[in-house]
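Worksheet for the structure shown next.
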Amino acid sequence: MFSKKRIELIIEKPAFKRACRVFEDSGVTGYTALPCMAGYGNGNRWQRGTDLSASRDMVMIISIVDEDLLPKITQQLENLIGAHIGVLSLADVQVIRDDRF
Amino acid sequence: MFSKKRIELIIEKPAFKRACRVFEDSGVTGYTALPCMAGYGNGNRWQRGTDLSASRDMVMIISIVDEDLLPKITQQLENLIGAHIGVLSLADVQVIRDDRF
Amino acid sequence: MFSKKRIELIIEKPAFKRACRVFEDSGVTGYTALPCMAGYGNGNRWQRGTDLSASRDMVMIISIVDEDLLPKITQQLENLIGAHIGVLSLADVQVIRDDRF
Amino acid sequence: MSLDLALSTILSPIVLFFVLGLFAALLRSQMTVPEAFAKGLAIYLMMAIGLKGGVEMSKATLGPDILILAAVAILLSFLIPFLAYNALRITSKMDRINAAATAGHYGSISIVTFVAATQALQYAGIVTSGYMVAIAALMEVPAIISALLLARRGLSKGGEVAGSEKGELFREVMLNASVVVLVGSLIIGWVTGEQGMEKISPFFVTPFQGVLCLFLLDMGLSAGRGLRQGWRDLNVGALSFGIYMPLISAAITAGICKALSMTLGDTALLITLAASASYIAVPAAMRLALPKAKPSIYLTLSLGVTFPFNLTLGIPLYILLAQWVVS
Amino acid sequence: MSLDLALSTILSPIVLFFVLGLFAALLRSQMTVPEAFAKGLAIYLMMAIGLKGGVEMSKATLGPDILILAAVAILLSFLIPFLAYNALRITSKMDRINAAATAGHYGSISIVTFVAATQALQYAGIVTSGYMVAIAALMEVPAIISALLLARRGLSKGGEVAGSEKGELFREVMLNASVVVLVGSLIIGWVTGEQGMEKISPFFVTPFQGVLCLFLLDMGLSAGRGLRQGWRDLNVGALSFGIYMPLISAAITAGICKALSMTLGDTALLITLAASASYIAVPAAMRLALPKAKPSIYLTLSLGVTFPFNLTLGIPLYILLAQWVVS
Amino acid sequence: MSLDLALSTILSPIVLFFVLGLFAALLRSQMTVPEAFAKGLAIYLMMAIGLKGGVEMSKATLGPDILILAAVAILLSFLIPFLAYNALRITSKMDRINAAATAGHYGSISIVTFVAATQALQYAGIVTSGYMVAIAALMEVPAIISALLLARRGLSKGGEVAGSEKGELFREVMLNASVVVLVGSLIIGWVTGEQGMEKISPFFVTPFQGVLCLFLLDMGLSAGRGLRQGWRDLNVGALSFGIYMPLISAAITAGICKALSMTLGDTALLITLAASASYIAVPAAMRLALPKAKPSIYLTLSLGVTFPFNLTLGIPLYILLAQWVVS
C-alpha cells in the first residue's frame, strides 16, 4: 500500500471545463467527475433540474494524486474557486500500485 | 492547510429532505448531494429506475464541517438513520481556507 | 466512534456487475454505487452520453468495511482492475455503530 | 361475446408489451427504459387522461349523484385498508407495521390500471364518464391515512425523527405529481372544453395508445424486477393476498355500484379502481411515515403481483363483473 | 375583438399549463418534469420552429429589407442592455456587476416566449414571416458582449481565472444548443422545402402545440421555483424592473417597426423578442464571463418575473401594441 | 434516375440532421441530446420497426426461402469478422486483440443504418419484406462469437477475471435491449396484425420519420465526438478500413443475393446490413469479453467513420448496387 492524496473539488458546472484544464495541465494521471443533484450553502438551496440553463448545477471532481503534485494543483484550484463557486478538500488515501498515480 | 471533518451520509431518498434539515439546523456552512444508482445491503440489491416511486433510491450527502459541530450533527444523524435506511461515516480532510467551513 | 475502511472503486460500467459480485462474495455488509459523468486518464477524456453503447461510462462504488475484510477484497479488486479500466483507493473513516459493518 | 372481449383485451398490443417487459425482466435482461424518459411519459399520460376527462365533463351536466359517488369513492379508499390489513394478518404472518403499510397500497389506486381499463372499455364500445378521472384522483390519498391509523399501535412512542417537519407528509401526498397533473389537467380540460382541446389533441389523443405501449413495456420491466427481487421476502399467504384482495375489493365495489345504479362503464371503472393498488404515491408516503415497513414487501405485492394480475386477467374480469351487475 | 384575443391567449391550454406549474411550485409541490425529458422537448421545439421558419423562407422571395431588419435586430440586442443597466442602477441599488449581467439577459431573447407569441398570432389569424426565426437567433448573442462591456469597469484586473482558455466564451455562446439547432433546422427547412417537410410534419407540426403544453408545465415549475427561492435577494426596485423593462423595450421596438413599416405579425414578434429575456444561453455565459454576478438575481428576474409576465399579460399586450402601431 | 435517388437520399432531412450534429460536434459545440431522451427514442424506433415488420409478416405467407435467408444472414455475420480481421492486420499494424474486437463490430449490424436504408427505399418506391427486421436481429450476435474465436490466441491464459460469472456474456448479448425490443415487437406485430396496429399507428408509424431526424441529430453528435476524440489512435490503414470494409462486405453480399435471387428491396437491405457495423451491442460485449481491446479504436471506426459513410454515401451506393445486381 502506498500513500496518495485524494483531491475532492465540488465546483459549479459552468466552470467544469476550466477545472478539467487545471487538473490536466498540472500533470495528474487522471480524474473522475460525478454529477451532483442538490446542495446548500450561504443559506441558499439549489436543486438540479430547477433551472433550464443548468448554470447552478454543481459537479464533483475526484483525483488521486501524488503528494508531489499538490502544491501546484492546490494553488491553481485556489485561484479557480476564488472566482467560481466551489469547495475543495484533500484527504489521505492508500493505493495498491504506486506507479499508477 | 486546516483540518476539518468530511461527513458522508448515504440515505434513502424519501428521507432526503429530513437529512437536509438536520444539516441546515446544525449550522453547517453547506452540503452537497449526489445521486446514487445502485447498491447492496442486507443481502438485497437495489437499482435506480427499477421502481417508479423512486422510494428505494439512495442519495449521498457530503458536508465538510468544523470539528466543533460534530457532536450535535452526528447525534441528530444517528437519530435519522435509526429510523431510515442509511449509512454514516466521517473522515479527516484538509482545506485551504479555514473560515469557509 | 469506530475505525473502518472506506473502499472507493472507480470502474468501467461494463464491469460493474463483476465488481458487485466481488464485493458481495467477500462478505461486505453493503456497498453503494454512484454514476460518473466524465473523466480523464492516459491523455484521453471521456464523457457520459457521448457514446450510445455506454461502454465507456464509469461508476464509483463505495463500501465501508471492516479492516479484517481488506486483504481478501483488495486482492480480488486488484485482479479486477488488472483486466478492466479502474482506480482503487482506500481511506480511514469513523463510524458510529461498530456492528453495522 | 364476453369471452371475446376478455381475449381481445389480453391480446391487445398494450398488454402484450407489458408481458414482453415482464418476461425480459424475469429472464434477467439488463434492458431498461431510462428513468427520466419513463417519468416523462407518465406525466404525458396523466395530462392526457386529465384533459380527456375534463373535456367530457365540460360537455355533460353534472348532477348531485357525482357528489354521492365522490363520497363513496373516498370511503372505499379509506375503508379497504382495514379489510386488507385484517386479511393480511390472518392469511400471512406479516407484522403490524408491514401489514398496515401494505393495506394502505390496496386502498389507494393505480392510474395505469385505470387507463388500461378505459382502453378496454373503449375498445368494447362501452361509454364511461369524464368525471371518473376526478374519482380516481380522490381515491389516491385517503388510504394513506388509514395505513397510519392501522400502524399507530405498532409505532414506538419515541418522538419525532430528526429533521422531520410538520406537514411534510401532507404536502408530499396532496401535491404529488399525479394529483397535481391529473387534477390540473382535468380543470384545464374543463375550462377550455372541446375547442381548446382541438389544437392539442394530435398530441394528447391520437398517439395516446401507442405511448401507453411504450410505457407498459417499462412497467413490465419494473414489475418483473420487483417480483424477481422481492418474492423471497413473501410467503404464500402474502403472495396470494396480491390476487385475492383485488377480487374482494372488486366484489364489494360491484355491490355498491349496483346500489347506486351506476352505468356499465362507470361500474367497471370504479371496480377497477378499488381492485387496483398504488405503487407510486403510497410507497413514497410510507417511506416517510412508516420507515420501518419494508418496501420489498409492499412494492413486490402491489407492483409485482397485483398490477400484472389486474392488467392481464383482472380488467376483463372486472368488465364481466360489471356487465353481470348492471344487467 | 382585441380583448377577446387577449382572453383567448390567456385561457389557451398552453398558458394554463404554465400557470398550473407555477402554482404547483409556489405551493411547494415536489413534482418535477425530469431534466433530460424537458431538455429533449426543448430540442424538439427548436427543431420544429427552425424547420417551419425555413420552409416558409423557401416559399418567399427575400428582399433587401431582411438585411435591414437583421441589422436592426442585432442592434436592439446590443443596445437594450445599456438601457437596462442604467434603469437597474437607478431604480434598484444593484451593484455594477450584477446590473451588467442582468442587463445582458434583457438584451437577449426567450425562444419560448417567441413561440408562444407565434401561437397566439396564428390563433388570431395573423400572418408572420418565416425569417423571424433567424432574427430571433441573431438576437441571442450580441447582448452578451454588451454585458461584458458594461461590467468591464467593475472587474478586477487580476488576470485570468485558472484553467480558462482563449475563445471558450465565444465557443460556448456561438455554438450553444439553441443557436445550433435553430439555425441548423432553419437551413434544413430552407434546403428541403415543403417537399422535405411533408414526411416529417406529423412529428414536427401536428403535435407541436401539445408538446408546448407539456414543456410549459415544466417552465411553470421552473419559474415558480426560481421565484420562490430568489425573491429574497431582490428589492422592489429590482422586482419591478422585471416588468417595466419589457414594456420599455416593447415601446421602443414598436416605434422602430413603424419606421420600417413592417407587417402586423412581424411587428408583434419583434416587439416580443425585444421584450423577452434569456434564461438559458445568457446565464450559462455569465457564469463563465462574470462569475461574481449572482444567478439568484438574474435568473429570478428573467425566469421568475419577466417570463411569466410576458407569457400571460405581455404577449396579448404586445399584439395590441403592434395592431395600434401598424394601423 | 439513380443519381436522383442518391441525391434525394443525401438531401433528406434525416441525413441533413445527422450532418448538422456531425458538424456541431466537430466544431466542438457543447450541445447534447440528453442521454435518457436519446435512449428512449432508440427504444421507440426499435419498437416501431419491429411492429412494422411483424405486421407485414402477418400479411405475407412465409416460404422456406426465409429459412435459407436466415441461415445466410447468420453465416454472414459469423464470417465477415474473419475477413475483416485479416484485412485489418494487413492494412494497419493493429494488434491481435484490437483487430479481433474491431472485426466483431463489422460482422454485426447497425439498426439505424438499416432504418435509414428502409426510408430511402420507401422513398424510391421500392418494396421490402417485413421479415428483414428478423434477419437484422439475427445478425447482431454471431459476430461476437467470431471476435472471441479470433482473439483466443491473443488472450492470456491467466484464468477468469474476478467477479465474472458463467453465462454473463451470453445473457448480456442475447437479452440486450435491441434484441428484446426488436424481436418482441416483431412478434407482437405478427400476433396482433394490421388490426392491432391500427390504434397505435398514430404513434408508431406517422411520426416515425420525424423522430428519426431528432435521433440522427444525436447520432451525428456522437459520431462527430467519437471521431474527434479517437482519430489520433488510428493510422491511415485503420481509418481507411472503416470505408473499404463496408464496400467489401457489400460486394460479397450482393453476389450472394444474386445467387438467392432475392427481390430488389431485400437485396438492398441485406447489403446494407452486411456493410453496417455495430456501435451499441458489440462494444458493450467486447468490454466484458475482451477488456484489453481499446474502445477508442473500435468505436471510432464503427461510429465515427463507417456509420457516417454508410448514412450519407453508402446507402445510395448499396441501392444502386442492388439495382445493378437484380436487373
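A, B, C, D, E and F label the chains in the order they appear, each numbered from 1.
Throughout what follows, a contact is a pair of C-beta atoms (placed from the backbone, for glycine too) under 8 Å apart; a residue touches a chain by one contact, two chains touch by 3 or more.
Since this is a predicted model, take the numbers as computed values, not measurements.
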{"item": "Least step count from subunit A to subunit F, where 1 means the two chains touch", "value": "2"}
{"item": "Steps needed, at minimum, to go from subunit C to subunit E via contacts", "value": "2"}
{"item": "Given subunit E and subunit F, the chains that contact each of them", "value": "D"}
{"item": "Chain at maximum distance from subunit C, centres defined as averaged CA atoms", "value": "E"}
{"item": "Chain whose mean Cα position lies farthest from subunit A", "value": "D"}
{"item": "Inter-centroid spacing, subunit E versus subunit A (mean Cα positions, whole Å)", "value": "34"}
{"item": "Interchain centroid distance [CA atoms averaged], subunit A/subunit B, Å", "value": "19"}
{"item": "CA centroid of subunit B to CA centroid of subunit F, Å", "value": "45"}
{"item": "Chain centre separation in whole Å, for subunit F relative to subunit D (CA means)", "value": "40"}
{"item": "Where subunit A touches two or more other chains, by residue", "value": "20, 34-35, 45, 91-92"}
{"item": "Sequence positions of subunit E contacting 2 or more other chains", "value": "32, 34-40, 206-207"}
{"item": "Touching pairs among all chains present in the structure", "value": "A-B, A-C, A-E, B-C, B-D, C-F, D-E, D-F, E-F"}
{"item": "Of all residues in subunit B, those that touch subunit C in their complex", "value": "8, 10, 34-42, 45, 58, 60, 74, 78, 87-92"}
{"item": "Interface residues, subunit C side, partner subunit B - complex", "value": "1, 4, 6, 16, 20, 23-24, 29-35, 59, 62, 64, 91-96, 100"}
{"item": "In the complex, subunit D residues that touch subunit F", "value": "11-13, 16-17, 20, 24, 27-38, 40-41, 206-211, 213-214, 217"}
{"item": "Partner subunit E, residues of subunit D touching it in the complex", "value": "34-37, 39-40, 43-44, 47, 51, 171-172, 175-177, 180-181, 184-185, 188, 191-192, 196-197, 199-204, 207"}
{"item": "Complex interface listing, subunit D residues touching subunit B", "value": "32, 34-35, 38-39, 42, 161-165, 168, 219, 221-222, 225-226, 229, 279-284, 286-288, 291-292, 295-296, 299, 303"}
